[in-house]
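Below you'll find a set of structures to go through.
In what comes next, subunit A is part of two complexes: it sits with subunit B in the first one and with subunit C in the second one.
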Partner chain A sequence: MTAGRTLRALPTLWRIGVAESLAYRAEFLVWILTTTQPLIMLGLWTSVARLQPFAQYSSADFVAYFLAALIVRQLTGNWVAWQMSEDIRSGAMAMRLLRPIHPFVAYAASHAAAIPFRTIIAVPVAVILLVGSGSSALTSDPLRIALVLPSIALAWLITFALLFAIGALAFFLTQTMAIANLYFALYSLFSGYLMPLELLGPVAKLARWLPFRFMLSAPVELMTRTQHRDDLVRLLGGQLAWAAITLAGALVLWHRGVRRFEAVGG
Partner chain B sequence: MISARDLTKHFRVHRRPPGFASALRSLVHRRYEDVKAVDGVSFTIERGERVGFLGPNGAGKTTTLKMLSGLLHPTSGEVSVEGHVPFRRQASFLGKITLVMGQKSQLIWDLPPAETYALNRAVFDVPGDRFERTLAELTELLELGPLLDKPTRQLSLGERMKCELAAALLHQPTTLFLDEPTIGLDVAMQVAIRDFVRSYNQRHEATVLLTSHYMDDVVALCPRIIVIDHGKLIHDGDLRQLIKTRDPDKRVSFTLTRPIGDDELARLGALLVRDGQRITLRVAEREVPGVIGRLLGELGAADLAIEDPPLEDVLRAMFGEQRRAEAEAEAEAKAKAKADTEADAS
Partner chain C sequence: MIRILRLFALQFRVSAAAAMAYRANFLAEGAMSAAWTVLNLVPLIVVFGQRDEIAPGWDRPSALIVMGYFTGVHAVIEGTISPSLQDLVEKIRSGAFDYVLLKPVDAQAMISASRYQPWRVFDLLAAVAIVVYALIQRGEWPSAADLALGLVLFGAGVLATYALWMVCAAASFWVVRLDNLMFLLGSIFDVARWPVQVFHGVWRTVFTFVIPVAVMTTAPAMALLGRLEATWTLATVAGSLALLALSRVIWRTAIRSYTSASS
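Up next is the complex of A and B:
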């Protein structure tokens, strides 16, 4: 499909993605309440730092960090690896392959469509709390503020491409749930989802180079005044590099994998 | 036009006997086997033809359709559909074909069919006015009106299949791959779908390749049939000619109006069915006029019908012969191998 046709199809793909997100009201509400683990970590770490700062993080720093992490997580989380694995295993991928649009675009449009609705409650509440209670720990640098949204967009792209690549592994392995679960364990540890990367101790240095940092911690670092102020060029450059690597990896894995598709089941 | 030459598809299949020990063993050592799903199949189908693609379960029909529609990469051989190599799945190719699988749905499960139609309009880049016209036409022909805004999951099987057909045809493809499109449908719905496929084929000069376990679908729609078994092509030609060649005898059915014994009926032809007063005989074609004369005259039979043998029977006999030939060839090969071994030993 040409780029022009893909662009013309995007509004419809997006609209149908929204309709799918809203198809089950109860599930939709439950979904809104998920991916709020940063709130649990917030409670944990603020109690650790109540009496005195922990590793230079005050209680207010933790509040700002985890509310920012909640916002980024809500805006970037997706489940495409699980969806693709199931589509490949069951043969449902066949119907996607018969449509003249690259499944990367089709899945991406559908997942992007869900974001505004998934975050309809959590993100406004987190933003209000962040501005209200953690503002002292937030950046006031206009450049950093301006870069927050592009950084979140890149974090979304890296997360989506990495999960798409894991989903495409199902062409080779049929079942990739275990790999997706391993991914989530690594993500939780190395993205800053459970704690700021500075608190990782000996592996903190390694974490700064892994893709996971650029999927969550990078935009959070931009938003919050953490002790460790990264060079902006390195932060955004790292995100751009990982976006290119994960996107290329996802498309290569797709291209190789789809040749092995067995279109099982009917 | 569709052309396949020496088309072959092998699958690597993991074999494991049942049981706990074998499950554990399979963790460290797996036994794989190459299964030849399609084995050197060649055929050509011209534009506008309606062809039935037949064979027993596991014969390789669906695998062939999936290769023709670009879902599977062939292991070897050449395939071309409307001038395209299917597995490249170029947009121009996907816009010309459609694949309807009775056991797979392209409709979005949680949304009404109208949403899938809108999605297909967008991705196939169908101009708005053409989309409206085609949808109106399909809605009328398939009586979709009340179904368009009901969630797909709440449609009956027959309703879903009608909506499925419409979704598959909105971009007006000129090659239709139909894999069991009437599976699970009642007789009335099967007839409706057949009529629709025939009408679409005539209006758009579309090529139709159909697999179905309902031989009535094939007999009603396809003047030509391709038969495969164990992945190999065993017949390609005119349906009626196949029946005539394989089993030239007619089936003569009638209802008795007075008791007649089996011995007397056997003098007219081979007795195939006796269900109360309803009888079916197998009669050589040249003897049919004489038999009919006797049945209607001295025997006073009623509700007389003369038919070709059912396609099912013809195919069953064909597959039976195929099995026997394969078994004989295998036995011969084993005997030869044994004789060679003995000769070497002596």
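Up next is the complex of A and C:
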């Protein structure tokens, strides 16, 4: 498995992923639409802040925050943990192991293929965000605008690696759904999915040390809030560090786990 | 009718026995749903940390009661209806639905409660706990009539939710792989955590008439608080019965286009 061969296979893997997304387009669209939580939270928080700002957040700030969160969530969301535990249980993983390419790359390529379709949803939201009431709450600093895309890419990588690690747990445990659920509970609270982390008070301090903030809140903070330049270093640095940690963890778990694989029904 | 109820009880016993076979999983799932319930209270705690009211007339105890109703309806839906309907989608795909149609019981009754997640009982208990806590905070207990009405409307809320889920499941006769539709419905249903008055403009119209969140939790909570006007009470009950009738009609139409996958 050389790096060169992997690189050459990537475009093909990506095309397969696109074809898969297209084959189940109705399903896929519904799946995209399930990400409604930011919109519900938007409705809730804007009406809370309608008459007077809520802890420095005006109604327009909340609109900007949750639309930005919706974009990041759309672009970073994936279901690799569910897919992997299904493949492991059904034995389909055996096929993937036979291929001369690391399954991490194969899964990543097929999930990256979903991004163009998710963009179809994310772009109109971004436009609404730009022209709508949130425009005053957005950043105008060119450096931060330039960092938004890399930050989203890092958020995607952290999310993918973490979910890949959870998926690899299926080698050790039969029921990984409970763990995936627990993950999502922690994510909802500590990533800023339900509300800006600042509003959480003491919990926000804890959130600074967990990976979840770097999976959603970091790019959203870049897009919306005005910060000092050294905060930027902390945000991006944290993202890089967590990307490295989750990636290493995912690969270690994978290598430990794959040895136990018995190809059930394969 | 009694036959169907006995069937439900029997199916529940089988599911409970199956769940008890994996006791660790049962407890883990129970703990998980308790954790979710607490997590879902966080936004409410944060909002009321700074505000006295979330919408006119909705202070902390009354908003908590809506949350309690939501937890209750959610427990019933996730505990029985959602798993059963997922089972139905699976059966339609595999062709096993043939056997359901052959049985001398109404097919809709048969599939509406074919599978349970018994640990959702913990959620139901949490719902009661939240409502009781909210009532203590409020310092004023509902009259017997309000309590009765609150319970009746809880039933109406569950029926309305069931009907919506049923319509979604019926869609799987035409478009086989659409289990996601139920996830979508579930994520929209999350709105029901909040009194519908919190939302404004288009949102409120949608949540009152298109996806009747108001019927599911806000109206029952208002009934328990003794705030629901008679016309609204009637509209709520009528609305949920109409939804139920609609789901029945759609189900009957859908079942006609079932073409067994096995043969």
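Keep in mind that, in the parts below, the second predicted complex is superposed on the first by the 252 of 266 C-alpha atoms of A that agree within 3 Å, B and C clash if a C-alpha of one lies under 4 Å from a C-alpha of the other, contacts with A are read in each partner's own complex, and residues count from 1 in each chain.
In this text, a residue touches a chain if its C-beta (ideal position, glycine included) is under 8 Å from a C-beta of that chain, and two chains touch if they have at least 3 such contacts.
On a predicted model such as this, the values are computed, not experimentally measured, just so you know.
Q: Go through the superposed model and pick first if A:262 touches only subunit B, second if only subunit C, both, or neither.
A: first
Q: Where does A:18 make contact in the superposed view: on subunit B (first), on subunit C (second), on both, or on neither?
A: A:18 sits against neither subunit B nor subunit C.
Q: Quick check on the superposed pair: does A:245 touch subunit B, subunit C, both, or neither? Answer first, second, both or neither.
A: In the superposed model, A:245 contacts neither subunit B nor subunit C.
Q: Quick check for you: in the superposed arrangement, does A:173 touch first (subunit B), second (subunit C), both or neither?
A: A:173: touches no partner chain.
Q: Should A:127 be classified as contacting the first partner (subunit B), the second (subunit C), both, or neither?
A: A:127 contacts neither subunit B nor subunit C.
Q: Quick one: classify A:153 as touching subunit B (first), subunit C (second), both or neither.
A: neither
Q: Applying the touch criterion given at the start, work out whether A:60 contacts subunit B, subunit C, both or neither, answering first, second, both or neither.
A: After superposition on chain A, A:60 lies in contact with neither partner.
Q: Report, in rising order, the residues of subunit A that make contact with subunit B in one complex and with subunit C in the other.
A: Residues 24 of subunit A touch both subunit B and subunit C.
Q: Which subunit B residues qualify as touching subunit A in the complex?
A: Counting only subunit B, the residues touching subunit A are 11, 62, 66, 69-73, 87, 89, 91, 94-95, 97-99, 101-106, 108, 110-111, 115, 118-125, 151, 179-180.
Q: Could you please specify the touching residues of subunit A with respect to subunit C in the complex?
A: Touching subunit C: residues 24, 26-27, 30-31, 33-37, 40-41, 43-44, 47-48, 50, 54-55, 175, 178, 181-182, 185, 188-189, 194-195, 199-201 of subunit A.
Q: Mind pulling up the subunit C residues that touch subunit A in the complex?
A: For this pair, the touching residues of subunit C are 22, 25, 28-29, 32, 35-36, 39, 42-43, 46-47, 49-51, 54-55, 175, 177-178, 180-181, 183-184, 186-188, 190-191, 194, 198-200, 203.
Q: Hey, which residues of subunit A end up touching subunit B in the complex?
A: Counting only subunit A, the residues touching subunit B are 1-2, 5, 8-9, 11-13, 15-16, 19-20, 23-24, 91-92, 94-95, 97-101, 106, 259, 261-263, 265-266.
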